[in-house]
Structure formats: C-alpha cells, structure tokens
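Below you will find the structure I want to go over with you.
Think of it as A, B, C, D and E in the order they're written, each chain with its own count starting at 1.
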Amino acid sequence: MKEIIIISVLGIAILALDILKLRKLSLPAAVIGLLAMITSCVMDWGHNETPFAEYGGMLKFDNYALGFTAVFGILGIFWLLMNSDQYAANSSKRTDIFTLMIFSLCGAIVLSAYTNLVMLFLGVEILSIPVYVLAASDRKNVISNEAGFKYFFMGAVASAVLLFGIALVYGACGSFEISEISSKLNNGNYSALMTFGAILMLAGFAFKVSVAPFHMWAPDVYQGAPTPITAYMSTIVKGAAFAGMFRLFGSALMPMPEAFVTAMAYMAAITLIVANLVAIVQSSSKRLLAYSSISHAAFMLGFVMMAQEAPAKYLLYYVLTYGVASLTAFSVLHHVSSIQNGDDSLTAFKGLIKRNPLLAIAMTISLFSMAGIPPMSGFLAKYYVITELLGGGYIYLVVLMVITSAIGAWYYLRLIMAMFTPIENAGRIVVGDIQRYLYLFLTLLIVVLFFLAGLLEIMGL
Amino acid sequence: MLTLLLIAIPLFMAFAIFLMGAKSARQLALIAGIAQLLVTIGAIAVHHEGDSSGLLSFNQQWIGPLGMSFAFSLDGISLVMVLLTSLMLPLIVYASYNRDYKNTHIFYGLMLLMVASMTGAFTTSDGMLFYIFYEFALIPVYFMILIWSDAENKGKTTLKFFIYTLFGSLFMLISLLYVYQISGSFAIADLYEAGRSMSSTEQGWVFAGFFIAFAVKIPVFPFHSWQPATYAAAPTAATMLLAGIMLKMASYGLIRLVVPMLPDGIAEYGFWALLLSAISVIYASALAIVQKKYKALIAWSSIAHLGVLAAGILSGNAQGVQGGVMEMLSHGILTIGLFFVYDIIETRMKHDDMSKMGGIRDVNPLFAFMFFAIVMGSVALPMTSGFVGEFLLLLGLYQYNAMLAGIAGLTVILGAVYMLRAFQQMMLGPTNELTKHFAPLTGHEKTVLGIVVALVVILGVYPDPILSISNPTVETLLQGILR
Amino acid sequence: MEKLVTLIPLFPLAGFLYITFFGKGFGKNFIGSLGAGAIFLSFIVSVLVFSTQMHGAHPTVVKVFDWITAGSFNIDFAFLVDPLSSIYLLFITGVGFLIHVYSIGYMHDDEGFNRFIAYLNLFVFFMLILVLGDSYVTMFVGWEGVGLCSFMLIGFWYKDMKNNEAAKKAFIVNRIGDLGLILGMCLLFAYSGTLSFDELFITGNDISGIPGAVATTIGILLFIGAMGKSAQIPLHTWLPDAMAGPTPVSALIHAATMVTAGIYMVARSSNLYAMSEIAGDVIVWAGILTSLMGATIALTQNDIKKVLAYSTVSQLGLMFVALGLGAYSTAVFHVITHAFFKALLFLGSGSVIHGMGGEQDIRRMGGLKKWMPITHATFLIGTIAIAGIFPFAGFFSKDQIVAVAFEENKIMFVLSLVVSACTAFYMFRLYFLTFHGKFRGTHDQEHHLHESPKVMTIPLIVLAVLSVVGGFIGLPHAVGENMGMHWHWLDHYLDGTLVMPALHMDLGTEILLMGLATLVAVGAIFYAWLIYKKRGELALEDKEIESGAHTLLLNKYWFDELYEKIIRKPVDAVSSFFGKSVEPHLIDGLVEGTGSATEATGNKLRLLQSGSLFMYILIFTIGLIALLIFI
Amino acid sequence: MQLFHNITINHYLTLSAVLFALGLFGILYRRNAIIMFMCVELMLNAVNITLVAFSKMWNQTDAQVFVFFIMVVAAAEVAVGLAILMMLYRNMHTTDTTFLDKLKF
Amino acid sequence: MISEYVFWFLSFVAVFSAAGMIFSKNPVYSVLSLIVTFFAIAGHYFLLGAQFLAAVHIIVYAGAIMVLFLYVIMMLNLNKLEEEKRTLWAKSLSVVAGGILMLVVVAALRRTDELQAVQSAPYDGEIGTTQTLGKVLYKEFLLPFELASVLFLGAMVGAVYLSKKELA
C-alpha cells in the first residue's frame, strides 16, 4: 500500500513543485520518490499485505505485486534519468510529463496488485489515460497528435470491450473478487457467459499488450509518439499490462479451458509472423523497433499461456530485461535522431560507431539482447519462455519463435550494420553526463543480468 | 581451475587491450597467446600424471533449478581442442604482423574475446554453457569481418553468415531443450543418459536438430553456401580464426554431444547425415577444381576435408572419433598455413588469381618449399599430420559403411588434383612480369610458416602424444554406446 | 643385430636433411659422395642384416615408436626384418648406391645438383621404409613417400610445364591406386582387427578368420594399389610420361625399385592371395594384358627411354603373371634380375643421351659403338639379359615364369612366349639402331660424341656383371637337382615367408621349356638382326607410317586420349556445371530465395497497416469475432 | 432468470449486446471523430445496462457501484479525449478521421 | 405487466435513437438523439430499481458529458459539417462486421441457461437506494474511490496540458 501512497503523493508533489516554480527539483524529487517506493517494496517483501482488508481491500501486495512494482520503479528511474535532458529543466512541460508518467506508473502498480476486477479496470485506465496524453504530448506535431488520437480512440474501444468482459464475468460469477471468481469456476469448464466474458477481457488485454490481431495501433503510435514516450510505452506500459494479464489468467480465470490457451498460441504465432516479417522491410528504425516490441509481446504472451504453471518470476525477468534493452535502444534512437532533426531512418545511424562509440555499443548490446543472443540477458528471457512452452508441449510455437527470432536478428543486424558503416564528415553526437553513465550502466546491466539470473530462483516468487 | 584460467586470460587481456588502446595491442595479444599456450602445456602435464587435485575441472552452480552450472573440465578431447586454440592464437597474431589493421586494439580485443569463448565451448561440461559460448563466438568474428573487411558487399555477406549460422544453432537449442525436458539438467553426463533413454525416433529428431546446427557451421554440403563468400570477404586473421578454430566447435560438438548422446538415432536416421557429408566431399572438391582464385580454392578444399571429418565422426567408432580429433588439430594448423600463404601472396601481388602467377619457386625457393610441405599436408601425405587424421577417419567410416568410405575417400584423389594444380600454377613453371620481383619472406613470415611446417611434419611423424591424450577419453565416451 | 636395421633408413634420411639444410656452398663432388656414401652405409648394414637372415635368423619386428592409437586400432612404427624385406633391402641399397654414383657424373652440370641428390636420398629412405614397414600402414608411408619423390623427380626440371604435367599425372594416377589400397586396408582391418604383417602372416595368423569372398575383395582392392604403383592396365599411363625425369631417376625409380613395390606388396600378402582364386586370376589377366600391351607398344617407339619404359611395363606385367599364378618367389626373383639389367639398360641409355647431348630419338643415333665402347658393351649385356639368353640373369627368371605358366595355365604360357619374343625383338631393334649402322645425328652432335666418365661407366660395369651372374641365385629345380647341387637358393631362402607353388617337373620338360624359350628369343633376335643390321633398315619417320596397326601401337592404343575423354573431360564438365549452375542458382539460390521471399511477404503484410483508423478497428472487430467463434 | 414480470436477464443482455454492436458499427460507419467518440460512450452504456441488470439478478450493490466508477472513468476519458480532439483540430482543422494516415506501413 | 411494456418501449427508444445518432447528418442531432438514448437507459435503470444510478446517469451523461460534446461541436463549429460518407465498400464492410458481431454476441448471450440456476434472494428494493449505495461505495469500495481521484487528477493534468498553448 505504501507504494501507491508514495507514488500518488509523488505525483501531487511534482505538481506542487510546478506551482511553486521549483521545477528544477522535479527530477531529483521524482527519482528520490521512486527510490523510496522501491525500498518500501524491499521492506514489504514477503508480507503479503492486504491494505484495508476490513474495507474489503481490493489490492494485495504479495511478492508478485512488489516484484513488478519494484521493476517498474527501476525502469521508471532509468526513464527519468535518461530523459532528464529532453525537456528544459524549468519548463512546465517537464513537470507535466513527469507527473503524467508518475500517475500512469501508479496505474501500473495497481495493475500488478489488484485482487478485484474493479481495481483491474481502474488500473488499466489510470495506466492508459495519462499515456494517451503523453503520446500526444508533442502538441504542435501533427504526427504526435495522430498517434495520440489513434491510441486514445482505440484504447477507449478496447477498454469498452474489456469492461463488457468484466460485466459478463461478473454476471456469471456474481462477484468481482478474483478469488471468488476462481472458486466459482469449477475447474476449467466455463459457463457460456463466463467464456464470453473471458474472451472479451482477453481481447481487451491483447489490445493493451499489442498482440495480433489487436496490435494494429502499436506501430503507428510507437512511431508517432515522441521517442521517450515510445520508450515508456514499450517498457513500463507493456510490462504492466502483462503483469495484469498474467495475474488475471494466472489467478482469476484459472484454470483456463484448453481452447483459450490454443487461441493464445495462435495469436502469438500470428503476432510473431506479422511483426517480424514486416519489421524486416521497415526503413524507419523507430517503426522497426516498434515491430520488434510487438514480437516480444508474442514471447511474453507465451508466459500468459502457461500462466497456470509458469512461475511469475520469469515473466518478471522478461519484463525487466526487455525493458532495459528497449529503453536503451529507444533512448539511443532518440539521441541519434533528435540531433539530425528527427530523422529516424536507418541511414541516420550510419557511422554511429565513430560519432559516439558509447551509443553505438549500447545500441548493439541491447539489440543483441533483444535478438536473444547469449550472453545478453535477452537470451535467458526468451529461453525461459521456450522452456515453459516446451513443457506445455507447444513445440510448433517454439519452432516458430526460434525461426522468427532468427529473422529478428536479421533486422537488428541491419541496424547494427548501419551503425558500423563508416561515413565521412560526421559530427560527434554528444550526450549529457548522466546519460553517458546511464548508458554505460544499462549496457553492463544487460550483460550482468544474464549471469545473475540465478538470483531469480532464490527470491521466492 | 586451470580451465578458468584458460578462459580468463584471453578475456582479461581482451579488455586490457580495449582499454590500453592501439599502441601495444599486437604485443599484448601475442603475450596473451603465449601465456595461453604455457597454461595449456601445464594443463597437459597435469592431465598426464593424473589430475588428482581436480585442477582441471571446475563446477559452480549457476541457475540451480534449471540445472545450469558453470561447469568446466579438461578431459582428453578438450585438451586437444584447447591445444589447437592456444597453438593457433599466437600464430595467428604473429601472422597478422604483416598487415596493420586500423583500430588495432579493437581488432585484437575481439580476437581474444573470440578465443575466450571458443576455449569455453571446448572446455565446458554443461550443454547450455556450450550453446552459449558457441553462439557468443559469433559476435566478435562478425564484427571482425564487418569492420575490417574490404569487400564491397561485406554487409550482405556478413548478414548472411550471421543469420545462417544463428538460424542453424537455434535448432541445436531446441534439441538441447528437448533432451533437457527429460534430463532436467544440462550437465552433459545427464544429457547423455536422457538422450540414450529416448526412443530411437525421438533421438532421430533430436539428432536432426543438432545436425542442422552443426552442419551449417562445419559446413556440410547443402548448408555451406555462406562460407566461401564469407572467407572471401573476411580479413585473413579472421578467416584463420574462423576456418582454423571456430568451425571446429561444430565438429567438436558432434563428438561431445551428438555421438555419445544419440547412438540409436544416428544408427537409424544418421545415414542421410553421413551421406550428405560424403557428398560434400565430392561437391566441394569439384568446385575447388574450377576455382581461379587461390583463396576460394582453399575455402572449398576446407569444406571437402571437413566433409570427411563429419562423416568419420558420425560413424561413431573409436577410429572415426580419434581421427576426428586428430584431423581437427591438423586441419586447423594446415588451414592457417594455407591462408597465411594467401596473405603473403596477396600482400605482395595484390591479387590471388592463380593463372597470373607462376615461377615463384624460382624467385623464392624457401617459400615454395614450405608451401609445398603444407600442400602435401593437406593432401594427407603420410608423415604429415593430415594423413593420420584422414586415414583414421576413413577407417572409421569404412566400418560404418564401405560405400560412403569409397565416396569420401575420393578426397584422396581429388584433393591431390586441385592442390597440385594450384601449387604448380602458382609456384612452378616460368616466372612472369608479376612474379619476377616477388619479395623475399620477412622474418616473422618465415617463423610462422616454419612453425606451421614443423607442426605438420612432427604431428605426422609422431602423432602418438596427441592421440594418446585423447584416446582414453574417446573410449570412455563411446563405451556407453558401443553395443 | 636386427636393431641395426633402424640405421638403414636413417642414413639416407640424414643425407637428405643435411644436403637440404646445410648443403649450400659445398662442392658437387662432396655432396654427391655424401649422398652416395649414405646409401653405401645402409648397404653395408643391409648386408649384415641379410647375412643374419641367410643364416636362418627368425623374422623379427623392431619397434621404433608408438605411432597411431585409436581404440582397438594400434599401429606401432615398426620394422619387420625377414628374408623378403632383407633381400629387397640388399638390392635397393645396392642398386641405389650405384645409381647415386652414376648420377654424380650424369647430373654434374645441372644447377639443381644438390636438390637432385637430396631427392634421391629421400627416395631411398622412403623405399626402405616401404619394404621394412611391419604393417600396411607403415608400408603405406613408404608407398606414398616414394610417390612423392617420384613426383618431385619427374618434375625435377620444373620450369617446363610439360614435366610438371607428367609429374602431376604420375602422382594422381598413383593416388587412384592408393585409394584402392586404403580401402583394402580398411576392409582387412574390419575383418582381422590388425594391419601388422607380423600378426597377420608371420607369427600371428589373423587372416584365418576371413571368408573367401572378402579375401577376394581385399586382394583386388590391394591389387588396385599395386596397379597404380607398378603401372598395370589401366593405371599404366603415367610410367612412360615419367621418363620426363632425369635418366638416373628413370633407372632407380621407374625401373629398378619403386615400380616393383606393387610386386613386393602382393608377395608380402601372399598368404592372403593364396586364399582367393579369383584375385589370382584378376592379377594374371591384368598382368599378361599389360605385358602384351607394353611389349607391342615398345616395338614401335623411337624414343630410347620410351622403349625401355614400355619394356619395363611389360616386364612388370610378367611379374604379376607369376604372382597371379602363385609363384611369388619367382616374381621376386624376376624383380631382382630385372632390377639389375633394367637399371643397367637405363643407365646405358642415359650415358648415350649424355653423350648425344640430350638427344633421345634413336632415329638420330646409330653406330655409337665406336665412340662409346663401354656403354656399348654393357648395354649389349643388358639387352641379352632381358632377351633371356642363357646364362644371363634374365634367362633364369623369365624361364621360371614361363615354366610356371606352362604348369598352371597353357594360355599364359603361350602369351608369355609371345611377350618374350617381342621383348627380344624390340630390345635388339633398339640396340642395333643405336649402336650399329652409321651415325644419323647432326654434325656437331657427332662432333662431341664421347664416352662417359668413369663415375658413370663403373656402375654400368658392375651392373653388367650382376646381370650376368644374377641369375644363379635361382637355378630351376630340375637343373639344380640334376647338377647334384642344391642350388635353387632363392626359393629355399624365401620359403616360409612366401607361399610356394608346388612345382615339380622333370628334367626333360624343364630343358624343353628352356630350349623353347631360348629358341623363340633367338629367333626374334635374328629377325631384328635381319631387318636392322643386315638390311640396315631404319625406323620410319612419323609421317611415313601408313599401316593401321603401326599407328595404333605408336599411339599406345590411345589410352591417354581415352582417359582424356572418359575421365578428365567429364570431371571438368561436372565441376564447372556445379560451379556455374548448381552452386549459385540451386544451393545459394535457395538461401537467397528464402531471404527475398521473406522480404516480399513482409512487403505484402505491411500494406495491412494502412494507417486508417477504420481499417484498424475493422481488424480489431474481425479478430474479436474470430475469437468468439473459435472458442 | 426472471428479473421482473416476463422480462428475463436475457432480454437485457440482448439489449446491451445490440447497443454494444451498434456502437461498434457506428465507429466503423462514421468518419467524424466526435460521432465515433459518442459511439464509444454508447458502448460503455451498453455495458452499464448489463451490469445493472446483473446487480438486480444477483441482488447485489457492487455492480451498481461499478457502474458508478465506469461513469467516472468515462467522464475522465471524455475530458482527455476531447482535449486531444481539440488539439488535433487546431493542427489539422478537421475532425475527419480518414485524414489521420500520416503514420502507416 | 405494465413494466414489461415499459421495457419494450424503452428498449426500442434506446436502440432507435442510437441508430439515429449514427445516421443523422448533423452532429448536433446525433448528440440530441444520443441524449434520448441515455434517457431511455436511465428509464431502464429505474425499471431495475437503481434509482440513484438513474439520477446520476442523467446528471453525468446528459448533464455533463453530452454538454461537453455539444460545447466542443459548437466550438469547432461542426454543425452541418460537410462530411462525405464512407465509400460503399467501407460501409458494407462495417455493416457486415457490426452485423456479425451483433449476431455472435446475441447468440452467445442467449445461451445463459445456467443463470436460471441463480437463486434470487427475495428482491429487496433497498439495493438501489442512495443509502445502500453510499455505504457500499465508502466501505468496500473505498480504495477504488480514492484511486479514482488519482485517475481524475491525471486526466485533469493531461487535459490541461494538452489544451495549453505551447510556450517556447
């Protein structure tokens, strides 16, 4: 509970700082606040605290919730630091953006901690609504507006669908409490109403996590939104949506009927194919990364398929590693494109190794991590998915994943090759000190996480 | 512990070189190589009088529940492979003295990184770790080619190389995981047990996965098309690393993982694999015959030899596997020799079109002599390292299937055809304008070629030290499967 | 005593190494004598070893070092000393020594002198390994080694691409045989579990378990190897071309020693061949065909060395006939005598060529006997010996073959008589055209015609002596017994090492056969004398040849052309087909195709992402409906 | 089950289904952002009806409270959505969604 | 009996005015017809005994949200907006998609027999009253209630931020 209080207070505090014209403080404040939140996560570890239990508390801060909260906090800090140079230190824009980000982070926490469909819905909305705004936050820019509108509008439709689903589930079970719901489901054979509701919820979530065929918004929005926001969406928003989805299918709607898992398998397959094949032919690196993030959604969906058996820690690991990698990648992309007036085509990366080796190496490492090549943590993440799926006997899906990740390596390499093709008269790209050290840190983290994966096993999740 | 040292030395030297910058990169790399060699010799010594103190093995759990652990052990086969690596590293570094690559430190750093990962692959006794090292070795060499190649289509070539090999090894991952589903641990010993416990059909499928992976890398006939282009594009040092050592990881994988793990699978479904290997002997030789460029010729010839290698190993008897070990060593040495000859010629004549050469023997008899020795090694003349390996391979293959041995044996003839043709075209006959002023060998060129020749001859005359290192291990490996 | 045997190959090796690495700056005489001396030393040791064997010492295996270990397959690098190997040692080192001495004179003006001596030493080294090796593998080392040396020596004058071609041809054709040999070894190992002669034939008897059919296969495979080395049909074509090398090389390698390696190997495996009729027949027929072919071709050749080369081919054929008929010791006998007189003849021709300043065409010679008497004399002895006139060496050995043929197989008997007739004829044709009549060369050739120096003539003389008396190591049974002295020494010496044919023919037949053989030979000689001496006819110039048979023979039955058509051309065609079509379009095409296909699909799929909200929501709806219907 | 005289839950479910589908149809059918937006509201209301009907069926208040929250969220969404719409109009001078195709492929 | 007729009446009103909202050219009309729909829905709430919700519904939707819409429409001056309709194939597609969706949903929702099993406690009219609602809202739903404030805050900030003029 403290986490949510901290985060909400933090949001308000930053607004206050804006009003008090102390905008410079907004960054340290936010970072400190998030750090505080993470520490409280650590302290609450293992308490399974259920706040306001007497008031039918609808959140449960078990290790699952705390783990995801902490990860979101960490990624949030990285994001803040990485973008501390984007908005003039004393502009109100900066504080606004930070506030919105903090608020949506609150939604993310709710999504990972809910025990009640009402909370689920609220969480989704709290997570999304600020992001609609963020996506459109480049006010003068038509592209950004379009992205914002598309995201918002389809998001609204999606949440309507999700709602309908919730309503039907309620109708079938007569309660919003996930514990009650799962008790109502006599192991797996849903009533028609239940099935129907579950499907609608699935669709709603599939939209949020951008799984085919509900992914259509993602490439446009990712491309149109300002790059920092894209980074945010592809890391925290996606992660939170998956946290919610996993909790839903892992604890509420469980055990799922076979058909559900099969359906998800098909969705994952379609996603893999579409995302990777289309990514190959992209000329805009930003859109390319967008598609890659869609294909990663397919991988994470693998965990949701196995939500009954698979331990959540692997999903957590995936969210973390992918988050770090894609945050790095998008930030590099941002730093590269922003100094050549927003050109995010592949050619914009030419000669990056000369123009700023650190950026090039960070990008390379993170791309390899996304491609799932050892010893980058991305490999283990994908490895976990694949083992789980093999355990579940989805050999074909695994083969497809393997093949498509080879295809994935293909378009990542196109980007890498661009970075390493020398060009003449290339000006250096300079990044601030914070960013430089952060890049270094993230790059190391990507590799270190690989070797520290053993710790995952001892954190009781 | 020594094994860790073997991986640590190149690793740390790599980073040291990265940080220290271009000045003394070469020297550092050379030092690293020599240190590596010394440690290897030490390891062999330890292994010789029985490793009582457990110096050669190391085991530290990594991801317990998933049965992954940082487990290394230097048994006979690994020792030979490590010996290959650490013999070749200083040679390659020293050989690269006659070119100066820009950003020297990056170049040698990458080289050492690659060596580290290859050593890891050769020494690990954990399936997953093997896969990881196997994959990782791809990255440094990829960059070595991408950055230091001067071919104009290098982008496409390297892309093809990377994707193709990655694609292949992913199948190995699937197979590995499939076995892991049964064994629940990646410790190679457990993998053996699990693998053998599977029905032969299952084994067949798993084998298919492994074979595709290794066939792409070895490379075996239909999966080879990445290789000639890559060799052509790569800077010589990278080619040496690639052909001399890195591709051996695949054949080593065959010995270490496939043959002991999937006996029934190979017995029932392995024939096609062996047939493909045999075919690639003929096919590659045929292509070698029509090559005009020397480098392309040795690229193809190496495919031909490795075809024999793969077939021999897969025949799964002591002779075949021993021959495989020996042939890996000798082929590594010979390949490096051949490519170094290319380097020498290319630096002097700026091309490697054989028809434009001739008479070099007249200008530079020493060079011709050493080249001839290497050529003889690669046509597997007795008293050269090539013979022992190839003979044992054929012996093993024959016991599996006489017909295949006959096909693969054609390398004895065809190899002579293209190698001698190349030698005569380049070295013999009258001199011409281009070759008349063929500069004499520099000191280090002499040294490198000399060492290579010496190795070729010594290993050919007295291979017993190597063979007797690996023989016990091979026999224990095969005990489980020989029925 | 046997321990000394290790020294035998060491001397030539040392010589080779020394000359190669430190030979610079020493005078030619020094180098020459060094090389020759090395061989001489090993000759001494060979004599010692031989003497022990002659006094009935048991065959012994001298292990040098562990060589190859692979599971059940264990090969030591070991030498086998037994009658067979020791007698080979003897004549290899002996003849080798003489030829070294000879080459000192012959190659004196060549700038590659050191190289030449070094190569010769290396060759002798490998030859010794070949005969000493205790296993097929060790033997194979020498086998390939001599091949290597022959490659280097044929292509000794490497500036001329023609020589290189010849060298390459020799090496590759040999390689074809070697493949057969290797496969033979594999099969033998697969059944007997060892490749050591000792375990297979002498102390052990591991071949006993081998079924007959397999024995046949092994025998034939091994024989393919022998075909390559010993130039039997169809792998004979390299030997005549090999004459591109300097003459001493032709004498040593392509007449006396290397080419008889095949006979050695088959004799060595006699126990194996004894197990298979069919293998024997194959050998016999291959042998006799080769022999006939060689003899007939030799009738028409005009290059002095080519004639000798084809005569070698035909003689080797005869030896194989003997082998095939099971008379292994007889074959060895003929190998030895042949080594003497053929070496003699080659050296003689060399001395002629030397005198003629490099001219090799007998149509440009004639009447040389007045310029080079010693050469003439020795050459004549050699000629008589090969023609098989009593009591020269050739007579006994060839007569034994004929006798065996008479016993075993009448067809062979007839054919072998034909061969010996041809032999006598073409040899004397050669002799007459070269040494008699009047000189037909250019004037300045005539101007500095001269007898060769001592260093060349002495070996000639020694060999001549040997060719005269060499035959007495193997007097025929009958003759031997009736003369009351147990003289058929060679058979008894080799008994126990080789399988012996049960030959017992009475004196009458023996004498009859001898008479017949001699008669045939003499008749042929007389005919040759009639044509080339009496009528003084000359060999035709190439353009004045019209008879079909003659052309056929002159073109060596068009073997080379045939191979060109049915082997070389197809191989090249296939290769370039692979290179031009299969590789780029099929194999690589598939890979590339996959890539581009993927991209194409991607390009199609991206059109779905049309950017219109309507489309997106439509797909959303469709997806929803699909889900609802699916579940 | 019977909610009140002759009217079962199915009637209400059907009604909401019709409205829901109608809303989606409207979104597809119209191009004007505002109208489409209203259609979304319609869909939300369809959900509300269901919930209220269910609350009657289960005889619980939770659902009604949930409806309450849905209204809240809807209001918030409308606020943001209209803000975005305004901004869009400011930059593009239209509310016709078919012109939103800068981002594609 | 009467309530039954009322149900049918309200349903028809709701559906038809919704349709009107979709098909009317003039956005203002659309708004108005949507408001009619909302009133009908409010009626349903009454029928279902959720008086308070009905009231809130009128207030929030008809009173607030739709006014907001109207305000925007006026401000953007979209009355009589000359929007050429979608292309024919688009229309037909949307009809088909919507139709199928409706069919599927209806079909699926028809199969709710298991709900017959749900035993309804003797209906107490209290559940819809302000009092009970308030109790539940401020007791069990306290947490969501608080979080809703966060949501609002976020939405407010967002809306304000978006409608701000870009400075600098």
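In this text, contacts are C-beta pairs under 8 Å (C-beta built on N, C-alpha and C of every residue); 3 or more make two chains touch, one makes a residue touch a chain.
Keep in mind the model is a prediction, meaning the values are calculated, not measured.
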TODO: Tell me which chains count as touching both chain B and chain C.
DONE: A
Open item on the list: Using the touch definition from the top, what's the fewest steps needed to get from chain B to chain D?
Closed with: 2
- [ ] Determine, using the mean of C-alpha atoms as each chain's centre, which chain is farthest from chain D.
- [x] C
Open item on the list: Per-chain Cα mean versus the mean over all protein Cα atoms: which chain has them closest together?
Closed with: B
Open item on the list: Count the C-beta contact pairs for C-E and for A-B, then tell me which is higher.
Closed with: A-B
TODO: Mind checking the centre-to-centre distance between chain A and chain E? Centres are C-alpha means, answer in whole Å.
DONE: 31
- [ ] Mind checking the centre-to-centre distance between chain B and chain E? Centres are C-alpha means, answer in whole Å.
- [x] 71
- [ ] Please compute the C-alpha centroid of chain C, do the same for chain D, then give the distance between them in whole Å.
- [x] 98
Open item on the list: Could you work out how far the Cα centre of chain A sits from that of chain D, in whole Å?
Closed with: 27
TODO: Could you list which residues of chain D touch at least two other chains?
DONE: 9, 13, 20, 23-24, 27-28, 31, 37, 57-58, 60, 62, 65, 69, 73, 76-77, 80, 83-85, 87, 97-98, 100, 102-104
Task: Of all residues in chain E, the ones touching two or more other chains - done: 86, 90, 93-94, 97-98, 101, 105, 108-109, 112, 115, 118, 140-141, 144, 148, 151, 154-155, 158-159, 162
Task: chain B: positions in contact with at least two other chains - done: none
TODO: Pull out all the chain pairs that touch, please.
DONE: A-B, A-C, A-D, A-E, B-C, C-D, C-E, D-E
Open item on the list: Can you tell me which positions in chain D touch chain E when the two form their complex?
Closed with: 1-7, 9-15, 17-26, 28-32, 34-35, 37-39, 41-42, 45, 48-49, 52-53, 55-62, 64-65, 67-69, 71-80, 82-87, 89, 95-96, 98
TODO: Under the touch definition given earlier, write down the residues of chain A that touch chain C in their complex.
DONE: 150, 153-154, 157-158, 161, 195-196, 199-200, 202-203, 206-207, 212-214, 216-217, 219-220, 257, 259-260, 263, 266, 274, 277-282, 407
Open item on the list: If we count contacts the way the header does, which residues on chain E are in touch with chain D in the complex?
Closed with: 1, 3-4, 7, 11, 14-15, 18-19, 21-22, 27, 30-31, 34, 37-38, 41, 44-45, 47-50, 52-53, 56-57, 60-61, 64-65, 68-69, 72-73, 75-76, 78, 81, 83, 85-86, 90-91, 93-95, 97-99, 101-102, 105-106, 109-110, 112, 115-116, 118, 120-121, 123-124, 127-128, 132-133, 136-137, 140-141, 144, 148, 151-152, 154-156, 158-159, 162-163
Task: Residues of chain B defined as touching chain C within the complex - done: 160, 164, 222, 224-226, 283, 286-287, 289-291, 317-319, 321-323, 359, 361-362, 376, 381-383, 387-388, 391-392, 394-396, 398-399, 402, 405-406, 409-410, 412-413, 416-417, 420-421, 424, 428-430, 462-464, 467-468, 471, 474-475, 478
Open item on the list: Show me the residue ranges of chain C that touch chain D in the complex, using the header's touch definition.
Closed with: 606-607, 609-614, 617-618, 621
